[in-house]
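Below you'll find the structures, each written out as structure tokens.
Below are two complexes that have chain A in common, paired first with chain B and then with chain C.
What follows is the complex of A and B.
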């Protein structure tokens, strides 16, 4: 099946004069604006999020506010097939830290889906 | 000579008479205007007094409601600061002083209050930060009150009496209590301060939220300060600092009762190196919100947040079941558990919550690990919430287990055992909110080695 690619520039969701994507409520409000619930249902579209130039951080709080519902809707594999990130900045050091940030977001989402967080490892059975 | 025309004279006389009468009438009305003005002033004063009498300070009422202060508190306007005004070494007395100050501010509206540091030999930044926020917040409330009044003013003027100890004056300058101070150039010197930022948690939309902006400004400010010393953070360093600042702001925003939270940052630095190493800068970041403590937050939602609450409660009972005397309260251990990845008082609303604290603790340790015993440079992250003080230092770093991060504050690296007593303490007084302070030492050589 041929997927249609749709690019979404995240610049406006970073906030004025901010270089950081942060905050769960802010991620959620971006999700509502982008109608990601509807996009999750559309199997023909592949989303490419553009992380704009000048970004210094992409925190898990924003990542999960924006995308955790999509993980739940699509599953880990379905999500990975549908949602991709493109870091616009060419600077290799910035690309590296932002990639690490996005990986941290993925790690958090997967840990939650797999119910790995919490205090259970330390509680005597 | 022409004879005077009697008719003209009569007309002139009548005109003059008319003018005189008009002047008289005007004078009379002027007299009336003044008396109306005086009456109006009296009425305005009466109205102002009524507004003043009936005025309720949300902040003062909050402190009373939380039983942080009583209405009978001493309200002298001359506050003698204690010998040791610090949260780290003399928390109880520092809180007693803050309580006195709150009463003094509330009962001395429109007057002068003196903060007398002349007997003070030691202060720390968290205690000064809290005092400054309380002072600024009340002043903001009084400005609002003043906007409703026409004659009276509730604004307080503050006078600060310097200490005899230079180190104290240095911190009074850094935290904005005194505008200038004479200092000998030795050790860590104040470089700059960013001032006090106030954020608003109602700004939930991405376009209006100030967290990112505040975080960006604090980071840019610190970088700018460092550039004056010949170096700046690279992308890695900025990223860690972003994570530390913005996630603490997220946390403060979540727990604030007043819709507001506060942040400040300052930098001190050596002006010359000790010869073996490059100069060291001391960065202080402080954040605060009034409202629920971590523990109160979990208690409040326990009926809905059953899974998380039960985990905490079970582990708390397990850890404190030992036959030996247990030094930790339920609040202490719940505060520690609240910092673990995936733990949130609002987990029942959104299961992906609980990542922020891990992010800021990991960020703190990522670049807060420069230490120098000789010069007494020890980085520290102190969380003060309710009646609990939690200290993160380089002794007990976070650890990873099966892809999840934990911080146990013990050498065994397990939450199944009690934390170290030095790092988790019960405080003698309850604090109505949360204060988080991070002190980090920056050394160019160390940062270069770390973030190649």
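What follows is the complex of A and C.
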């Protein structure tokens, strides 16, 4: 299936004078603004989030607020196929920090998701 | 005929009851014994789990938690001093330095997550989730405060107070699985 790519620049959600993406409520608010609930349902669109130049941290709290619901809606694999990140900054040390931040976000989202799957009650018996 | 039947039935059932009466007290004793065994088994199982939680998850974790909070304040102080002294750097270089300072703290946070939080989360997912949220809160405070250039002694003190509160909440969360 051919998917349409849609690029979303996250710059406006970084806050005034700020160089970081932080806070679950801020992530949730960005999610509403970007209408991600509707985009989750559209199987023909692949989303590419652009992390703008000048970003020094992309905290997992913001990642979870922005995307945790999409993990719930699409599952881990479905999410990975639909949502991609592109770090605009080309400085290698900043890229490394941001890539680790995004990995933290993915790990936290998967852990939180696993807690809510039906397996836990059986494992914890 | 009816009268006869009644006369015969009443004495028969009352004699059966009389036969069963001596059995009532041993049956009650057996039931009480079974209840006692079930309660005892459950209490022992809870005690085993409680001991396991303390020995395997909490005891090795407590010193790591204390270390984490102590180092968080040290890192904040060091980062505030480094960034405060580097304000003359070109903007792009300053951002690289800032990201590196954040990264030092984030590595520390990852260590605590891997060594303490994840093992707890495997067995107690709700507690693990709450602990993770507290860690994410401290990460947000660390990065936001430095991003706002809160480098003064007072702001460092504020961060220290914040970490103390966060630590108290985290320790309180660890007690949840021990609650009766």
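The rule is simple: the second predicted complex is superposed on the first by the 115 of 125 C-alpha atoms of A that agree within 3 Å, B and C clash if a C-alpha of one lies under 4 Å from a C-alpha of the other, contacts with A are read in each partner's own complex, and residues count from 1 in each chain.
In this section, a contact is a pair of C-beta atoms (placed from the backbone, for glycine too) under 8 Å apart; a residue touches a chain by one contact, two chains touch by 3 or more.
Values in this document were obtained by computation on a predicted structure and should not be read as measured data.
Per the definitions stated earlier, placing chain B and chain C onto a shared chain A by superposition produces a clash between them.
Put chain B and chain C next to each other and count what each touches on chain A; the higher total goes to B.
In the superposition on chain A, contact of A:112 is made with both chain B and chain C. In the overlay built on the shared chain, the residue A:94 is in contact with chain B and with chain C. When the shared chain is aligned, chain B and chain C each come close enough to touch A:56. Applying the stated contact rule after C-alpha superposition, one finds that A:23 touches each of chain B and chain C.
The residues of chain A shared by its contacts with chain B and with chain C are 18-20, 22-24, 56-57, 59-61, 64, 91, 93-94, 96-98, 100-101, 104, 108, 111-112, 120, 124.
Across the interface of their complex, chain A is touched by residues 91-92, 95-96, 98-100, 102-103, 106, 110, 118, 121, 123-126, 128-129, 132, 136-137, 139-140, 143-144, 147 of chain C. Listing the residues of chain B that touch chain A in their complex gives 204-213, 215-217, 219, 234-236, 238-239, 242-243, 246-247, 249-250, 253, 307-308, 311-312, 314-315, 318, 337, 340-343, 350-356, 359, 401-404, 414-416. The part of chain A that touches chain C in the complex is made up of residues 18-20, 22-24, 54, 56-57, 59-61, 64, 91, 93-94, 96-98, 100-101, 104, 108, 111-112, 114-115, 120, 124. Every residue of chain A that touches chain B in the complex is listed here, in rising order: 12-27, 29-30, 33, 56-57, 59-61, 64, 68, 91, 93-94, 96-98, 100-101, 104, 107-112, 116-124.
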